[in-house]
Every structure is written in structure tokens, then in C-alpha cells.
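The two complexes that follow have chain A in common; it is paired with chain B in the first and with chain C in the second.
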Partner chain A sequence: MALFKNRKVFIFILLVVGFVGFLLAGLQSETNGNRSQTVVRTFPVVSTTLLNGQSIESASSLLGDEYQLVNVWASWCGICKSEHSYLMTLAQRGVPIIGLNYRDQQLAATGYLKDAGSPYNEIIYDPKGQLSIELGVVGTPETYLVNASGEVVYKHYGKLTEKAWQKRFARYFDKGMTL
Partner chain B sequence: MNRVICLLMLVLLSPFSFAQSSQSEVFAAPDSELERQVELFEFKTPQLQRSAIELAKSLRCPQCQNQNLVESNSPLAKDLRLIVFNKINSGESEQQVIDFMTARYGEFVLYKPSFTWKNALLWGLPVLLLVAFLFVSFKSVGKRERE
Partner chain C sequence: MLGESGLLALVLIALLSSLSFAHYGWCRFQTKSSRASLTFISRLNAALATFSLAVLASLFLSDQFQFAYVAAHSNSALPPFFKFAAVWGGHEGSMLFWVFTLCLWSGLISLHSMHQSRYFQNVLWVMSGFVAAFAWFTLLASNPFSYAELFVSEGRDLNPMLQDIGLIFHPPLLYLGYIGFSTVLAFALAALLENQYDHRWIEYCRTWVISAWMLLTLGILIGSWWAYNELGWGGWWFWDPVENASLLPWLTASALLHSMRASARHQQLKLWSLSLALVTFCLSILGTFIVRSGVLTSVHAFAVDPTKGVALLAILAVTLLCSFILLFKHSDRIKSAQFNAIASRGYAVFLATGLFCVATFTVFLGTFYPMVYELLGLGAISVGAPYFNALMLPLTIGALLLMGLVPYLKWRKGSLISLRNLVLVWLISFAVGIGCYLAQVKDWQPVVALVWGLAAWVVSSHLYLLWRYRRLSFMVLAHIGIAMLCVGAVMNGYHSYELNRKMAPETSIDIDNFRVEYQETLWYVGPNYTAEQASIRFSFEQGQAFVVKPERRHYQVRVMNMSEPAIYSTWHGDYYVTLGAKVDSQSYAVKIQYRAYILWVWCGALLIILGAFLPLLKQASILTTRATHGAIQES
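Here is the complex of A and B:
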């Protein structure tokens, strides 16, 4: 207590605690930095092909639902494999998911889905990563929340977990779903 | 008879399937075509070449924490390098290329982020601390002299 009799020390401690609190609040809010906010705000309107070989005029024409996930994956990606079972449960709950197959081989990708099952409504095939550059994809897996008008609402880096789902995604899919 | 035919088919087809699996690697490797395009890119003028390479060096590869687009060997970096080269070669300004990159990957790709009110503290704190230090030290020296 002797320390606090010295007013200057007390003020200094208050200042330091305040500053650390300010920094922690900044970290917690997750509004700054590249890992929090998506940079690309609109889903790219470019022609692309699907994994089944069909070519489509505009990737954004796949966005049929009010909100849907766009999941970036590849058969060579280990974390995607561990994420896969969770995507399957989401799909069973009725969440529309569009797959974006990233820098992959067509055979390997179809084989992967044949083995593990497909949670995707549609799968965009992007072997050269052209669409992915437009979307600002950095690595796999990534999950985007996109609405019907092509607006990217949120971007999740890395494996999609139940915790991240509840915090960021669940509220968009509440209606008429057993979540 | 059926079984014999099946077996025959299997034997006949197996070399093909082997050939296929050895061809298809795990990764979709950056194809040699792209590699050639990037490595042997022909600029219109040496001036353009110099500025394009300088620019690519000043942009961080989004995939690999601390390598620029020229150093990195990741397929994404090669694609982006080709885009930068193409854009500069076709006469776009450096600012246009930088805008293209930041529109997709954010300010993260810039080694020197721009000054905004959000990072003002980061830029200004050292100066502020120096000013505060000078102020306090002058004050205390003056006080001691008066005493």
C-alpha cells in the first residue's frame, strides 16, 4: 500500500493498465487486421466451370439462397479433410454450401468427394486459381458467407468449427432450420 | 466366361490406370506454361521491366508471411507476379496495380501501409513519446537548477 501513497506511481500504474486494456479490447473486437474483415465485398462475376465439367457464365449465378456458404477446399488439403465431417453435418441441417475447389486435379477432387461424401450443392472447379484471385483466397480452407445479391458478409480463415459457426454464421441461418 | 472377360479387361486396363495416377500429382502444380510465362516475360522496354520488378518486390505474397512476390515460389505468388508484369507492361500505373492487390488481399500485401486514423497511434506513438520525454526532462532539469 505504501506504493499507492505516491500519487505519481499510482497514476502511472493506472495509465499502464488502461493502455493494456485498450490493446486487449482492440484484439478482442477483431475489427482490425487482415484476419478479421473480408477485403473483397462482392462475389466475383466471372465465367467459370463446375467440377462436373459444365461451364457457367457467372459464378455469382450459383448464389440461389438468401445466405449460403462458399467453402474453399482441395483434395490435397489436410485441414479440409478434418473439416469435412462438420460440413456434412451443416449440409444435413439444410445449410446451402457451394464448394470452391482450389488448385486441384479433377480426378482427385471427384475421388475425394466419392469417398467422403459431398456437402456441396454446387462445386466450382478452379484449377488455376483465377476465380480465387478475384475472391482474394489466401489458402485452404476458407469459408465465405455470401448473400443472394453476391455480397460477401463474412470470411472465415481456416477450419470451420462449431464455435466459429455459432459466433459468426448461425444467426443468418436460424429461420426454419434445426440448429 | 464373364469372369474371364472381366479379368482380361482388368489386366488390359491396369497399365492405363497406373500411368494416370503417376501423371496426376497430389498438388495442381503451377503448370510449366505459366512458369515459362513468368520467368521469360518479355517487357516492351527495359524501363518497364525495372519498374515492374521493383513493384513486385514491394508487394508481399499473401500466402507466405514474409516473402515478396519475386522471392516466393508459391503458385499464388507466381500468378500474382504475372498479373503485375502484365499490368505494368500494358501501361497501367503502379497505383492501379497496388489498388488491384489491396482490393483483394488488403493492406497486408503492402510492406508500407498507408496512414489512417486507425493506425495513427502506431505511427505517432514514437514521436509522441520522444516529445513527452523531452518535455519531462527539460522540466526536471529546470527544476533542479532553480533549486
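Here is the complex of A and C:
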């Protein structure tokens, strides 16, 4: 009888451990939950202007590399400022970054980059947030991983950190780069 | 300084509860002395938690954006009403609300007249364990009082989806319900902690089960109503993982309500009651884990952080292991009475409990299956409404059949009326139900007809019960409410329709027996949004007419567009109009839906909740009589 009871407890513990382990695996997994996108969004094909005043036919024509980052920022955004130095490091490592200047003033934005340096290859100027709405921007900063055909592979909310970079982005850029 | 005082209160709760938990545990199991009392600590914690929550609310009301949580969920232009609701609008605040509710419930338990007894002290001990676990979790992993990294002069605003009267009540009620089950678990565990299993725990915790269950039901109802009215989806239940997460404890708690009845009065199903009491709160924790960790894809998109999930999982695992191992240890000594006959109310209750458990398992499987599938690397899969509807329908039909039968059965054995009369009553009510249905629709569906017939059977047999005992009871109201809800749900599922049209001012379309006329577009400015409002007139052949005004709102701070549907309700269904995107300079995509019998769903649920008030009122009146009686004796 005692053995039977122990076995019952044993089976129960196994079940609980199994279930909790399963949930833990789910937590660690990268494909599950809100972080994966069920619909692949594409980079909007709309005409836009760059921060230097140049206007271009289609925003997606800026996507020259196999993979690049699109970083949403603004000079009024405090967290963007703290993220900036990390973006500079990434740029130095050779990661192509396109800036998306979001609801900002042209003078403030250029001044900001003059002081802090620019990590961006190109900068889209979007003072009314039109392109950003199309892209699905919720706030600043946000970083999108976009491939050459304009598909948004991954969207990162908030400040980009080394940890997030290693987990989500690094593998797309590891060819011929020292990361 | 205000923010710090709230934080200090939270720290005190964490320290006091964990110290007193350890101290009481030591006294209780090592020195066997019974001098330690948790009454005072429980009350103090309740006061501290209330203070802490009040501080957070005042930070919101006075726009203290130096706090990260306030900055992320509020804005100076947000109406005060919503500033207050924003307290539980995000993860950190809702965890504080968890702690507050836990403390509140345990404070309430400490007010019981027998609070100094060993049994009640054990209950408070289990509760203080939970308070400690969640207070530390809130403090270390999701502190709402932490400062923002950078100074901002303006907040990010509350998510517009949450800016609705629904938000003010939905999460707190849900939490009150969820966490209310911690008391039920504590009562059951305390009974198992005694050397001699004390059967009276069921008597003591009945009020708590019913109040927690009622609050959870109300919370789910308001959530559902909110999704229907605010989110503009036009449905009332979506089998979304987060909805399922709240349904799971609801189902086991409903089963508990049934089995408790058998345990309390007739010594039956005791182990069932204990297991259900233990599992319900575990499912509540699991629900919180699902919502907060973002492990399942859901419409409830919260800012998710996997690390927070680990802590919740740890609490879940410890609770599950401790409680069930204790139950296994005692299971041999707990003897339940046997059923006397298949045709008895006791056996029917057993079947009902079984049906609830099967339903729980069905929902559980459907909720977690996509995750298993993805983890095994088989690709993505979504288990949606078709699975749940297909499996829940036979269960519902079985439940309705059983519910209609119960009023005619005696507890021990036999029925109140003869088999011939029973079949006769069944046939008549079934025919009346189907008749009601056929009179209303042109194209009838067999499934809907079946549910109508069975619902009429449930109503007629409960009216018989009402007539026989001349007393309105929880059971009568709840079962009639369920019957109404089932009719509403199937009618809604089978007889709703929708159409999408491009409409410009001064155009109209004709549908079936009514005409829809787009009159004009209006613009106005709200407190933290701007809106376009369409004025759309419905006119029926019979001469009725009404105007609805759906809106599209643009929230500047979050740069979000929200559609505000307009609804015109009738007893047989809602006309539900959503203003879609602007198609050209003048016209909009307009979605017109007819949602059949939705009012029946709300009314059925309200009736169930109303039913739960009856035993609570009775309990309250007993308490007041006892109090006045006691006062007289003392004087």
C-alpha cells in the first residue's frame, strides 16, 4: 500500500515536472507566442523624403543589403539617446542601419546626429509619421530586421541591447563580420 | 516621497508576511506551541497593501511621470477616470493588485469569529505564504514604483484599447475572483494540515467559494462584453488563450460548487471537492502565467518578459506539489459516502462534476496543443473556435439534459414524479422550445432546435422546483441562466450575419427587410483623441427607424487608430455597425452586422451572478442575526 502511494506521488511529481518543463521550454523557445509574427509584414512601398531633403520614389529602394536594420528614432526620445552608442558600435562592425526619424523636426534631428555621430547609412525623414504608421510603429525606439525584398523578419520593441542583438539579430549578420 | 512610501509599504508586506510565515511554521511544527497568531499580521498587511495601491493611484492622478510605470501607462490629457484604471492597466500595477487582493482576502478571513482557532490560523498561514511569494515577486521582478531611466515630461498614454469603462472593472473583478480561490485552497490545505482531517472546512469556505466564483463570473462577463462593445470584433467569445485561461478556473470552480454540495450535506465526493479546491487556484496561477509570460499567441498583447514567467512557474510548481502531495498523504483516511442509486441527485451531481472536468480538460488541451506542436518542430498550428465549438457542443447538450432532470430527482434515491409523467413533461417542454424557435426563423438548424428544446426543458423543470419549494435558490437562477446563455450562444452562432459595403454620405443600401442610409460624416475633438463620426440611419419595413453613430478615433500620443462601433440592441439581436478605413475622399468601408440573441447571453450570465447573491445574502443575514444575538447576550 505504501509503495502504491509512493508511486502515486512519484507519478504526480513527474507530471508536474514535465508540465513545468514544457512551459519553461515554451518560454525559452523563440518561435512561440507574441514574439513570432504570424503575418510577414513588408516594408511600405511609398514615396518619402530623406533627412537631407532628397525625396525618393519608394522607401523600399533603400534596402540594398541582404539584411539590414531599420531603426526608429527621434531627437526628443530619451531612450534613443541611450541606445545611440550601441548603434554606433553596430555600425562600426559593419551592420547596415537605416534610420527612420519619427515625428521630429529636421533641425533638431540633424543637430542630434551632428553631436552624437550618425550610425545610419540613410535616414528617412517622417515628420508626420505616415510611413511609420504603415510600418506599424508603436513608439520609439524600435528596430526592424528587414531583408532585401522588403520583408520584416523581426521587430524589436524598445532599446536594442547586446543581449537582444545576440539572441535575435546576430545570426543574420555573422558572415564576414566579427561580432 | 509619496512613491517611496508606497514602495516601503510593499517591502514591509514582503518582510512581515515571510517572517510571520516562517515563525508560525516553526512554532506549529517544531515547538508545537500554539501561541503564534497571524491575525494581527494579516490585518496589518491588508492595510499596508491598500495604502500601497492607493499611493500608486495617487501617483497616476497627479501625473508623476518620473515613475516608469506611470510614464508608460498614463498621460496628462487622459481623463481621471482612466488614470485611475491605468493602475492595473499594465503588468507591474496588476501584480501589485494581486498582492493587494491576496492581503485583502486574508484580512477578511481574519475577521471570522473563529479566527483564533487553530484551523483558521492554519488558513491564514497558507495565505501569508502566498502573500510572501507574490510580494517578493512584485518587488523584485515587477516593481511599479521604480523610477524612469530618463526624465520625461509627458507619459506614453494608456493603450486606447484599454480606455473603456470595461477596463475599469474587468481586470480587478477577474483578479478578485482568481485570487479569491487562494482562500479556497488555503481552507482545503488547512484541513489537510490537521492530524485529524476536519470535514467542516467545506462549511467554512462555502461563502468564499461562492463569492470568488461570482466575482470571476462577473469579471469574465465584463471582459466579454467589453470585447464585444469596444474592440469592434462583433463577437462575445473567441476561444483566445487568455480567455481560456480565465475559463479554466471557472470550470473547476463550478465543478467545486456542485461537489461541495454533495460533500457538505451527504458526505459524498469528498476527495473530488478537495482536489477541485486545490486545482482551481493552481489554474488561476497558470492563467496569470499565460497572460504575463506571452508564451501563447493571443490578442491580449501585453508587454511580455519571459523571465517574469519563470518566477510564476516556480510558485505554481511549489503550490501544486505541496498541496497534492499532502492530499495523497491523507487520501486513504478520507472516506466518502457511496451513492445509493444511479437515479439520485447525488449521482447527477457526480456526473455534472465529471462533465465540468471533461470540459476543463478539453479547453486545456486546445489551449496548449499549439504550443506542443510548435515545440516539437511540427510547424505552426492554430486551434480555434471550430475545435472548441465541436467539442463543447455535445458536452453542453449533455449538461442541459442532466440539468433538466435534476429537479425531479431525490438526493438519496428515486424521483419526485413517475417516469410516465417525466417523459410527458419532457416531451411537452421540448416541443414548446422547438416551437418558439421555429416561429422565429425561416431556415432552421437542427442543432439550434435541439438546444432550444433542451433549454425549455431545463426552464420548465426548474420552475417546477420553484413551485414545489416556493423558494428562489442559487441553483434555480443559475441553471435557468445557463439555459438562456446556451440559447443565446447557439442563436448567435447560427443566425448572425454581416456585410461590408463602401458607403458615402447620402447613399443607401437595402438589406432583407430594412434600409441602411448613410446620412453624413461629422468630426469632433475628444480629450485625448480626434474622431470622425458617421451618422447611419436604419429604417424597417414595419416602420421602425433608428440612427447609429459609429466612430473612428485617432489617438495622437500613441498614434493609434481605434474603431468605436455603434450598437442598437433589440431583444432578438443587435445591429452592430463599424466604421472602417476611409476608402476615398468621401466614402468609408462600413461593416454592418446583425448579432442574434446577444442580449440573451448577457442576461443569462447576469441571472447566474444574481443567483450567487442568494446564498451570500443568506449567510450575511445569519451573521447579522448572530451578531445582534451575541450583543444581546453580552449586555
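To be clear about the criterion, the second predicted complex is superposed on the first by the 165 of 179 C-alpha atoms of A that agree within 3 Å, B and C clash if a C-alpha of one lies under 4 Å from a C-alpha of the other, contacts with A are read in each partner's own complex, and residues count from 1 in each chain.
Just so it is clear, contacts are C-beta pairs under 8 Å (C-beta built on N, C-alpha and C of every residue); 3 or more make two chains touch, one makes a residue touch a chain.
Quantities reported herein were computed from a predicted structural model and do not represent experimental measurements.
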Key: Joint occupancy of chain A by chain B and chain C, clash or fit   = clash
Query = Is A:Gln28 in contact with chain B, with chain C, with both, or with neither (first, second, both, neither)?
reply = second
Query = Which partner does A:Val9 contact after superposing on A: first (chain B), second (chain C), both, neither?
reply = second
Query = So, A:Ala59: does it touch chain B (first), chain C (second), both, or neither?
reply = neither
Message = Applying the document's definition of touch, where does A:Ala108 land relative to chain B and chain C: first, second, both, or neither?
response = first
Request  = Figure out whether A:Gly139 sits in contact with chain B (first) or chain C (second), or with both, or with neither.
outcome  = both
Task = Could you tell me if A:Leu131 is touching chain B, chain C, both of them or neither one (first, second, both, neither)?
result = neither
Request  = Decide which partner touches more residues of chain A, taking chain B and chain C as the two options.
outcome  = C
Key: First (chain B), second (chain C), both or neither touched by A:Leu87   = neither
Task = Check each of 8-16, 80-88 or 98-106 in chain B against chain C and return the one that clashes.
result = 80-88
Remark   = chain A contact set shared between chain B and chain C covers 32, 34, 103, 129, 133, 138-139
Chain B contact footprint on chain A (complex, rising order) = 32, 34, 37, 39-40, 74-76, 103-105, 107-108, 127-129, 133-136, 138-139
Interfacial residue positions of chain C with respect to chain A in the complex = 149-152, 156, 289, 293-298, 301, 303-304, 306, 309-310, 313, 316-317, 320-321, 324-325, 328-329, 332, 371-372, 374-375, 380, 558-560
Message = Under the stated contact criterion, what part of chain A meets chain C in this complex?
response = 1, 5, 8-9, 12-13, 16-17, 20, 22-29, 31-36, 38, 78-79, 81-82, 103, 129, 132-133, 137-139, 157
Task = State the interface residues of chain B toward chain A in the complex, per the touch definition above.
result = 20, 24-28, 34, 62-63, 75-76, 79-80, 83, 102-108, 118
